[in-house]
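Next up: the structures, one after another.
Across the two complexes that follow, subunit A remains constant while its partner is subunit B and subsequently subunit C.
Let's turn to the complex of A and B:
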């Protein structure tokens, strides 16, 4: 009897322990989601309806005027521009990253790892450093155009920054590693027999790529596009350092409102509007893409 | 990279946030126990060259003279720092005991009584301060003690533009198409004040919205000449040094320092005067170190310390020049006798949101 009990007690304890562990593991995701997502979001929401104290900070209240102010031509134009800019940047990024990743997976394992490490190291650079470096590289006095003059391709050095091309270039540079990161696992899982079969049936390598490989990777392409798009639309230093004022995105205005104007309610309202619009777009693109897959 | 030299610049994000978090994390909320413990004071100044110069040239001797240790906190530009102080105060935190604060955020802080009022009698050396450097609440309580003042002047690249300009009006000259660097923010470069002083006979016109719009329309004529609207000082400075830009508006002291280092930069006080902006020492509500703060501010108001600041930190004194032993050369390196353009601070307070929006519409269109 006593030996049985001795066996039973630890067993019961162990069960109790596993039960607690299970409960903890169930609670862990919602707790983390709450701490790192919901609570900050709620604070932003509360601030966005607070009362702006003119010439001061803000006080608690319920004021929807900040949301109404979003619908003035200036902010609507900036938002529309931001979406177009981010879409172009994300498209270019995917357009470069996909063939790049595909060709990368054809290389030896060591080469793949080395190139991947190099690309991912771009992620460790801050946006300030990236913007600064590009502004030097695209400048008239010390930039790449001097190299082209040396090679007799250009008659004289030119300034490519500030300008739209400079903003796009830096945005693509910044988002490229994310896209490669999304593509890499999907592309390495591609069964080589598929393209072999296509080519046996007479398809050229280019046709195999466009007609077979590309459609099979639709989901990865959409994911990479959305990743790049969200990063591009949230970027505020690149547009303000490499763009002319007409290239400043809504994120630049949000920063100005929060930091320069100390208008946190309006900055919060602008952020939430931007977030809603971005989520709407993400939902739209994913549902269109899913419908395409079902068919 | 020329980051370290820029004292008012801020690299948004990392540096400021890290500094802020560190400061909040280290901030003891219990009133300090003075007995048997070293007295200390957390002082915030603009990160970069400015803060480094204070740490190197000012704080050690202050500690030697008073026994109060200074814990230096590098802060971002004043507007951003104000937002952080205000947010921290709502959580009853004081990331610094004293901070150097520019005029517009000073006025913003008044609205929520963020600044601890000071008793002038506890700062006897404040008698040396010029009147406009004693900052007060509308009801007369003192909330800021002049710390330092600085100028924004007309700066040129000597190689690209060998003749010193005589008037701000040159910024509008068609021959400088696409060659200028101007501050992108209305309260960063005070272009409206420059325009009003140059073309409208002074700041009176900025008292009404109609007047402001007239000035803004005139200011908008500068746009074809502007190649870079900058927020980041380092970006402008580098572009001017390399000749990417021929001219623009910038801080006089940094320009003089750069010229001394052999860069082709010239800073000119035009006939309308340079823009004169200044910083005050302020204490945010939750700080409990008022006693130490009085000792510090009193020390900083001494004319010889003000002269030392001019020599080592490059700022203009907030005390009368006559009380200091600055030579002409030393004084001209940081200031000018030409009467300055003082920004219309009240206008930016009362019409701030409206001006900011009109301004953005103006430069982004």
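Let's turn to the complex of A and C:
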């Protein structure tokens, strides 16, 4: 009955078309997310307990040996190292990004727009380029140490890369723009009257910053730290290109196992362990910070 | 805080952020092929080489094509989710919203491995479709956050007024919602596009040996036969990114966009 009507009346036909469109738009996103996000994550789980096929990818089975291999000193030490490294990088990143963003919002609108365009462009830099340019900047032949020699600060040029400091520096560089973007909205919504009141009552700008602004921004700080941490721990090229093998993180091992060793099941097991540990840490830190806010 | 101290602090962070660009820029105009920084001599030969050699044009075309399509797919998935969350506020779209944010909360390497396992299982490992769809899923968080931000910026009184005047749901969407959120949709697309252009780990894992995107090509050129052309490509792509973000600012307001994200980025 309704279909007959639709053939006769254009308005009804249009209505039927938008109905179909609406149905499509309700079905399409969950299908895409289900097929291309949830299923891949489930497949990782299946692959992680499969058997390795030396020439191919994997053959289905039930084999927990990949998980057991994670609990060997080599990989446990590497995981601990990765977490500590990412935590240090994320802390430094937040420590620089927060005061920077705070000062940035005091500039004129035009200056802010220009600086934010610049920061977004830096954010979009490929990790390949970041690693490459820092390896040049920290190299003995063409690096910053030559500048220090020229200024008579250093007696001779030094190679800082590959090394732990180089990895850390590049990780901070990688995560800094993200942290600025997380802080920016929170800081712009700060009520200027609060710091004005503090200063009228005699607090110095520095004390206002540490005693008033910083505690108010606790939530943004935690979010920025977690974002930076996840990025740092999931980064593969920076430790690989700027570190010596002892500075390689768990992400380097995962990629190495998947591509060079063609041991996809072990790579999947490692990446699931990394995911569990990361999500666990995110949960732990956010619940601690939430409890702190309620008090 | 004194004017000079403030600008000095801002300036030193900006210098830190600009340092790699100075290296890459210097390398790109170096007249010799060997890696020397600071550059000696000035030459644009590497830029002309970039546009004449298919070795570089191919990966550039790949990256631009993949980014165009992947950003469009990401937006097409994200916009309906944001719209139904905004419209109904129910649990189910809320769940889809968080699911769509998942790629931003998981370490990149984890996502890359799961895509590798998936495409290997269905036999599409190494195809360009695998790269495109993987990028699309990976980049959903950008259009998701920006479109919700746009929808939340609409004054509810406008929607109510049009409903009182007899407009139905689709008319409201087409004549009111869509024009108002357009700058935000463009921003979401631009973000996804730029990040797809520069993404390395997922492209590498999913089809790194068959579909050469620009970051993969640069990585390979660093390892097997260094050439300053890679620096030229980087400078071009950075300029493209800056141009796109400037356009986003032109059509909408970058400050509003980035400061408005408070609602989503700090609450999550």
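Keep in mind that, in the parts below, the second predicted complex is superposed on the first by the 255 of 295 C-alpha atoms of A that agree within 3 Å, B and C clash if a C-alpha of one lies under 4 Å from a C-alpha of the other, contacts with A are read in each partner's own complex, and residues count from 1 in each chain.
Definition applied: a residue touches a chain if its C-beta (ideal position, glycine included) is under 8 Å from a C-beta of that chain, and two chains touch if they have at least 3 such contacts.
Just so you know, these numbers come straight off a predicted model, no measurement behind them.
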item	value
Subunit B versus subunit C as contact partner of A:132, first or second or both or neither	both
Greater residue coverage of subunit A in the superposed arrangement, subunit B or subunit C	C
Which of subunit B and subunit C A:248 touches, first, second, both or neither	first
Touched partner set for A:142, first subunit B, second subunit C, both or neither	both
Which superposed partner A:159 touches (first subunit B, second subunit C, both, neither)	first
Touched partner set for A:173, first subunit B, second subunit C, both or neither	second
Partner chain(s) touched by A:262 [first = subunit B, second = subunit C, both, neither]	first
Partner chain(s) touched by A:79 [first = subunit B, second = subunit C, both, neither]	neither
Which of subunit B and subunit C A:57 touches, first, second, both or neither	both
Residues of subunit A at both interfaces, subunit B in one complex, subunit C in the other	57, 126-128, 132, 136, 142, 237, 255, 258-259, 264
Residues on subunit C engaged by subunit A in the complex (per definition of touch)	1, 6, 9-10, 13-14, 16-21, 23-24, 27, 35-38, 73, 76-78, 80-81, 83-84, 96, 99-100, 102-103, 105-110, 112-118, 120-121, 125, 133-134, 136-137, 140, 170, 194-195, 197-201, 204-205, 208, 214-215, 218-219, 222, 230, 234, 237-238, 241-242, 245-246, 249, 254-255, 258-263, 265-266, 268
Residue ranges of subunit A touching subunit B (in the complex, touch as defined)	52-57, 72, 74, 78, 126-128, 132, 135-136, 139-142, 159, 162, 237, 240-241, 244-246, 248, 253, 255-256, 258-264, 266
Residue ranges of subunit A touching subunit C (in the complex, touch as defined)	18, 22, 25-26, 28-30, 32-33, 36-41, 43-44, 46-47, 57-58, 96, 99-100, 103-104, 106-107, 109, 112-113, 115-122, 124-130, 132-134, 136-137, 142-143, 173, 176-177, 181-182, 184-186, 188-189, 205-206, 219-220, 223, 230-231, 233-237, 251, 254-255, 258-259, 264, 267-268, 271-272, 274-275, 278-279, 282
Touching residues (chain side subunit B, partner subunit A) in the complex	1, 11-14, 79-80, 82-83, 86, 105, 107-108, 110-112, 114, 184-185, 187-188, 227-229, 231-232, 234-235, 238-239, 242-244, 349-350, 352-353, 356-357, 360-361, 363-365
